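When the chains are written out, they are named A, B, C and D in that same order, and each has its own residue count from 1.
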Amino acid sequence: MKRIGILTSGGDAPGMNAAVRAVARKAMHEGLEVYGINYGYAGLVAGDIFKMDPITVGDKIQRGGTFLYSARYPEFAQVEGQLKGIEQLNKFGIEALVVIGGDGSYHGALRLTEHGYNAIGLPGTIDNDIPFTDQTIGFDTAVNTVLESIDRIRDTAASHERTFVVEVMGRGAGDIALWAGVAGGAQDIIIPERDFDVKAVAEKLRASREHGQKHAIIVLAEGVMHADEFSEKLSEYGDFHLRSTVLGHVVRGGSPTASDRVLASRLGSKAVELLLEGKGGVALGIEKNEIIAHDMLDLFNHKHHAMLDLYDLNEDLAY
Amino acid sequence: MKRIGILTSGGDAPGMNAAVRAVARKAMHEGLEVYGINYGYAGLVAGDIFKMDPITVGDKIQRGGTFLYSARYPEFAQVEGQLKGIEQLNKFGIEALVVIGGDGSYHGALRLTEHGYNAIGLPGTIDNDIPFTDQTIGFDTAVNTVLESIDRIRDTAASHERTFVVEVMGRGAGDIALWAGVAGGAQDIIIPERDFDVKAVAEKLRASREHGQKHAIIVLAEGVMHADEFSEKLSEYGDFHLRSTVLGHVVRGGSPTASDRVLASRLGSKAVELLLEGKGGVALGIEKNEIIAHDMLDLFNHKHHAMLDLYDLNEDLAY
Amino acid sequence: MKRIGILTSGGDAPGMNAAVRAVARKAMHEGLEVYGINYGYAGLVAGDIFKMDPITVGDKIQRGGTFLYSARYPEFAQVEGQLKGIEQLNKFGIEALVVIGGDGSYHGALRLTEHGYNAIGLPGTIDNDIPFTDQTIGFDTAVNTVLESIDRIRDTAASHERTFVVEVMGRGAGDIALWAGVAGGAQDIIIPERDFDVKAVAEKLRASREHGQKHAIIVLAEGVMHADEFSEKLSEYGDFHLRSTVLGHVVRGGSPTASDRVLASRLGSKAVELLLEGKGGVALGIEKNEIIAHDMLDLFNHKHHAMLDLYDLNEDLAY
Amino acid sequence: MKRIGILTSGGDAPGMNAAVRAVARKAMHEGLEVYGINYGYAGLVAGDIFKMDPITVGDKIQRGGTFLYSARYPEFAQVEGQLKGIEQLNKFGIEALVVIGGDGSYHGALRLTEHGYNAIGLPGTIDNDIPFTDQTIGFDTAVNTVLESIDRIRDTAASHERTFVVEVMGRGAGDIALWAGVAGGAQDIIIPERDFDVKAVAEKLRASREHGQKHAIIVLAEGVMHADEFSEKLSEYGDFHLRSTVLGHVVRGGSPTASDRVLASRLGSKAVELLLEGKGGVALGIEKNEIIAHDMLDLFNHKHHAMLDLYDLNEDLAY
């Protein structure tokens, strides 16, 4: 193998650049040529492909977003698009592809492998909703960004003795809400993975207020419902001086944390090692601190599981 | 004069604690006794008043929010409430009051002075919408918090070549939008103080995209309209890959910037100096780097003016 | 068991407050009474002990340092001090003790268990130099603080095409240097766990400069030597526009990261569970994402191992 | 006038990129062509000059350091170098030059004007040591970076009841120390502009400890002496649990604050306006919130004055 390609796809996540850098540097270190593909699968099909050198990925490890750009490209679900993509890769002599993204991106990579083209997937999404990995690239940064916002909101909540409902990203997964909730000392965490009872939430709030804890923060995963809707339901059970706030796209960006950069570096390097061993058709993840490869097909038969121990832990620690 | 009181009122703002500390420390330095009043005018009327010592305000300068709490208390618009407040102040032997807050808070202070009770107002609000001061306590912090969010959003905007409409706080004033917009390199800034033409915004965006600037950030003051509404209007003129996001209460909190802490310290200290000189019935502000006192009544006959030069500046610098 | 005590000892670490909160809240949740002990073993011996309620640990999870204070107290190495400590615990009816700190703190806890008093240790130190745990409370925050500094220094390094030697804390361990170095895109990482050759470092730097990478950052663990000393040695091999900087105590403080707060919460809660099961004399840690208890005595027969894979990874990714 | 050039010189400062962007964008807006000169005067003499377009300065406003690079170049003190620089400017048809930097950079610009070449200086340095400007580009960011460090150090100081001596940059000026000291709630601020008495510092510390304020932070300007030297002197008067720390180059970098970006934008835009009016040979500054031009020669006959009111203010507020 002499040439590999890299693309980022789906929603951007902090650490994607660190992963691209790691793939590129490791591959160059091993004597490979590296090509960057702009705009994900859209750029792949369009042939928006360029040769990288070591400086290309210099001064990128600390940057949020993805300097290879990303784009939605539903057309890649069609065989025609996939074959066109492989044609472009062949034209540039690129023998294997590393795809960094979420589950949609993995679908694309799986299709390529089904056509006999070698691809490896790296989990890059803030949502942490990928099976076979304890953490995705971008998750730790997103949690810390949410946490910083919760810490700020607490200032106002405490000053005015209010209850804040803070809606956070995560699509169908509750992971961001769960981690940020525990770390933020949330009174309650509302996630899709667990049933909730608004009345019980209200009663806990009331009890807490009676015992002197006058402000509270409730972290709500966007996959459950909108913050305003939740606040409305909650306010049926009493006056908790409610305010709701939605942490939107601000959570996607920013310089990646150390943990995300190290994870991205480990995953990117491992991807190159596997490709050099002739392996592919796999998705990498970190499980119990080790970088593990799983057959890509397996991913679609498994579900990601949030660390629900944290949910129970929070129940015990909230007051 | 032997005893003064301090309260914070209205929406909390970063730097309020630094102002309380400055008033307290300066007063103690001058041999006065200092009383803190919790929950603004509500606490004043209720007599929620306590004696401070130097340690009370220790380790507070860096904290967001207000450790004296704040509360809405429309009842203070009634003479009855005002007299009850003065009664409480007299009961504790408090001879003058420093009020830190926004224009609602100033109304309360003005009423007290009209009843012959000496009060001084300090401008504490993130919105910067107070006359006779170039900056309010909390404004610089809020602008920097918004700016940090814009910097994060730019990562996603650039990665996906999107246009983001970012709605920011400020009530009827465009100051936060203006400063954060200039500092954030906004393509456009939409504020209540200036008319805008959605079609012109769209044309600029289109021209900018054609010239290679594929992403853009539009900063919108909440006093104009909601981000979703603006986005809807804008999308009538073309597809700009629009996303809108609202920076809500997260902007109110957080540790104050150096500038806000220094401003709060200067204002707090000056308030005590004036009270010792027997002056009162004034609101303090900073104009051209100097701490200035204005008759409180004057404030209600004047309007705050945003620094609209910045608007024109941004027009020239955006591309 | 009805009453437990908590103390923090040794150098402060971000997340200690989150751990204290978790121990206290979990214990109260289980119906126990909780006592805080100020100033570590010094306060224990002096009887500086107070009863906590749920509000005591409210609004603390986000705070750096330790609100229970810490202190050096070498006298606790003497049997006399230990027995005096147990006497105090008995006086307050405290039946078990949770100690949060580094290896010195563990020695104290081990002595108590040898005297038949039940104690559990939680790893709280920025240095990550404790056996049987992949991460200590405070490590992730310290790494991110160092990383933020490296990101800033890179601005100057890049602007002036300089090489910076950045010395970081860690006592005898290279963990902080290792993680911050990988995450910071260091050209080289110098740690006690690995030999280094100044000449080879210089040659790599020279090659890198010749290939167009004009600035570089070298992360140096304080356990190896001082930054100035290293810079002097390095400058014998060429002019690399060297500057050296030491990141000192600034790295110990600050609000803990999400990861540190979650880890602290999990460890604190588990400690209470174990005490309720009648277990003790153990030190807790996190291994492969699970909270594990090890006999405290074992700790002193084992060494902490830095994750040296990261060292090799960095060699491959640097340019 | 059709073409202008820009260079940055001397130590890098956050906001330099925002200033370069403002000069470039404003000039292009006015129909001028803009050339960037790399590496300051060194690049000028060497002809390291390139044409900018609007995208060149895109996505730069938030970046620390200077993307035009900077370099020391004492040779520019010689007439020969100056004439060579003008020759290069003429070769590229550049009719006027904007120089962003500190006083050394101003000397260069003054020489050019003495040779009849039009140049304008913008104050870019973290040290704030330029006459005729209340603030320099980079100062506000540096103060906030120092402040963030002081806030972190306070965690450790409070946890261990220590006194920290924090040495900060500023060359011969005390401005950074002064602002960060007031904002950080320093017990004492030691600056070159004011005499100090170690014994008095010690006595204040002792009194403060006796009154219950067990930790303290002393901010020391590097222009006075080294932190270790100061600590040694102070420890002759008692045991204050002293630690000293030096905030070095970490203070120069980082993303500029809103205030620095707005200031840089205003200054850069004004420079172009003046050049278009045919004015030059001036240095710009901000005084009482207005952008003012002073004859460059005047600068060398005046001294910068730190805002010493803040020193007295801190004396009153410290405890």
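Details
Keep this in mind: a residue touches a chain if its C-beta (ideal position, glycine included) is under 8 Å from a C-beta of that chain, and two chains touch if they have at least 3 such contacts.
The chain lineup, named per UniProt: A, B, C, D = ATP-dependent 6-phosphofructokinase.
This one's a predicted model, so the numbers in the text were calculated from it and none came from an experiment.
Any chain touching chain C that also touches chain D would appear here, but none does. On a Cα centroid basis, the chain most remote from chain D in this structure is A.
Chain A and chain B touch with mostly matching residues; of the residue numbers seen at this interface, over half occur in both copies. Put simply, the C-alpha centre of chain B and that of chain D have 28 angstrom between them.
Centre to centre, using the average C-alpha position, chain A and chain B are separated by 35 Å. Centroids built from CA atoms put chain C at 39 Å from chain B.
The set of chain A residues touching two or more other chains comprises 151, 154, 158.
Annotation, chain-chain contacts: A-B, A-C, B-D, C-D (touch as defined at the top).
Listing the residues of chain C that touch chain D in their complex gives 8, 11-12, 14, 63-67, 69-71, 145, 149, 151-156, 158-161, 164, 243, 245-254.
Chain D contributes residues 18, 21-22, 25-26, 28-29, 54-55, 58-59, 61-62, 134, 140, 143-144, 147, 151, 154, 158, 179-180, 182-185, 211-213, 255, 257-259, 261-262, 265-266, 269, 288-290, 309-310, 313, 316-319 to its touches with chain B in the complex.
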